[in-house]
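Which chain is which? They are A, B, C, D and E, in the order written, and residues in each are numbered from 1.
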Amino acid sequence: MLIAKIIGTTVATIKDPKLEGRKLLICREADETGKATGKPYVAIDTVNAGVGDLVLTAHGSSGRQTDITKDTPVDAVIMAVIDSLQVDGANTYKK
Amino acid sequence: MLIAKIIGTTVATIKDPKLEGRKLLICREADETGKATGKPYVAIDTVNAGVGDLVLTAHGSSGRQTDITKDTPVDAVIMAVIDSLQVDGANTYKK
Amino acid sequence: MLIAKIIGTTVATIKDPKLEGRKLLICREADETGKATGKPYVAIDTVNAGVGDLVLTAHGSSGRQTDITKDTPVDAVIMAVIDSLQVDGANTYKK
Amino acid sequence: MLIAKIIGTTVATIKDPKLEGRKLLICREADETGKATGKPYVAIDTVNAGVGDLVLTAHGSSGRQTDITKDTPVDAVIMAVIDSLQVDGANTYKK
Amino acid sequence: MLIAKIIGTTVATIKDPKLEGRKLLICREADETGKATGKPYVAIDTVNAGVGDLVLTAHGSSGRQTDITKDTPVDAVIMAVIDSLQVDGANTYKK
């Protein structure tokens, strides 16, 4: 899974019918301190996450292993909200 | 999913029979403001998108979870047309 | 799918039995003008393509959705020969 | 599989229910001498690995082929703890 | 598939039980002349390959389409030993 920062939202009226009503959040890959360093991508929310949250995203077919994303044309899903990260015994991120 | 700009079209007479009649659009990865910054790839259209549109593309096996791409040798599908993008509460792209 | 130029061939006597008799072509990723710019990879031919052709390749499990590659340990397949590419209304490649 | 160094841990209270009780370890890709050189990602532990261990991680749908990760929205799994690496006949890493 | 050079071996006592007895070889991506240029990864051998061989590796779910890797948490498999590579009509590699 990637550590990712949610930086924004996407509005799309015309979309695959299975995506109706789903939140399409813009994420950016983050490092082990929670700092957004990577390029943007869009993931479906399944854990009621919001802009500013640090989250974990699962990709590819693994992104379809939730009740919300099953059998949908979706390749990235937010499946956890991160409370804290620890590296070498020290907190590097805390919500 | 990737944010992508549709920049062109592909003509291919000789192709897998399951792709007969499908639109093969050239996309380039875009950033959170809708600016094309990445390298080109080709995706199958499923939402009647056209050149110039900013879209979302799903990749890998997820690209086969639409009625049009089911069981086809296709690894990228356009599954939404983006109306607008919001980052930090401000519109960064509007169609 | 990736736009790719076929640059060569691979000979491999010892291989997975399901690959017996299959053409293993060396491809390089190309840009929207058909110029090879990326790194090499090997794909199975399913459309009678040859060295010098500009083609589309599908990757991952999508590469196994053809009669030739079904259930084989193959992650890249040539599924179309490109006749022409159009960007911004102009031909950028013609066979 | 990637050679990876476990550098830390992740705490996430809100997560997909199937991940309840699973260890979410922060990994960094390592080279053939065991030195962490790549960017961080999070993997599920299935072999009782811990911070500081050099491990192998499997990705994508392959990450779901263990009893622990079956049918879960998980795309990276730790499936081996590395004892030693040999390159050109010499040990480049020993636990 | 990637062209890869086998550069070493991995010893791992603690591992997923399905990997018992399998050879874990360290590969590095190679170019069309057989020169190792990419970063290291570990693949399961299915064709009796050894250190120094130039091989083809299949990735992702495609890596599980052999009798040896079926249903295992493995995302890279060696499925062919390369005898020779030809680019532009000339041999660029010969075993």
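As a working rule, contacts are C-beta pairs under 8 Å (C-beta built on N, C-alpha and C of every residue); 3 or more make two chains touch, one makes a residue touch a chain.
As the structure is a prediction and not an experimental result, all values here were calculated from the model.
Listed here as common contacts of chain D and chain E: no chain.
Between chain A and chain B, two chains of identical sequence, the interface residue sets overlap only in part, with shared numbers making up under half of the total. The mean-CA centres of chain C and chain E are about 20 angstrom from one another, to the nearest whole unit.
Between the Cα centres of chain A and chain C there is a gap of 32 Å. Listed for chain E are residues 60-61, 63-64, each touching two or more other chains. From chain C, with the walk directed at chain E, the chains encountered around the ring are C, E, D, A, B.
Taken in their complex, chain D has these residues touching chain A: 7-16, 18-19, 24, 26, 28, 39-43, 51, 60-61, 63-64, 71-76.
Of all the residues in chain C, the ones that touch chain B in their complex are 1-3, 29, 31-32, 38, 46-49, 56, 58-66, 69, 77, 79-88, 92.
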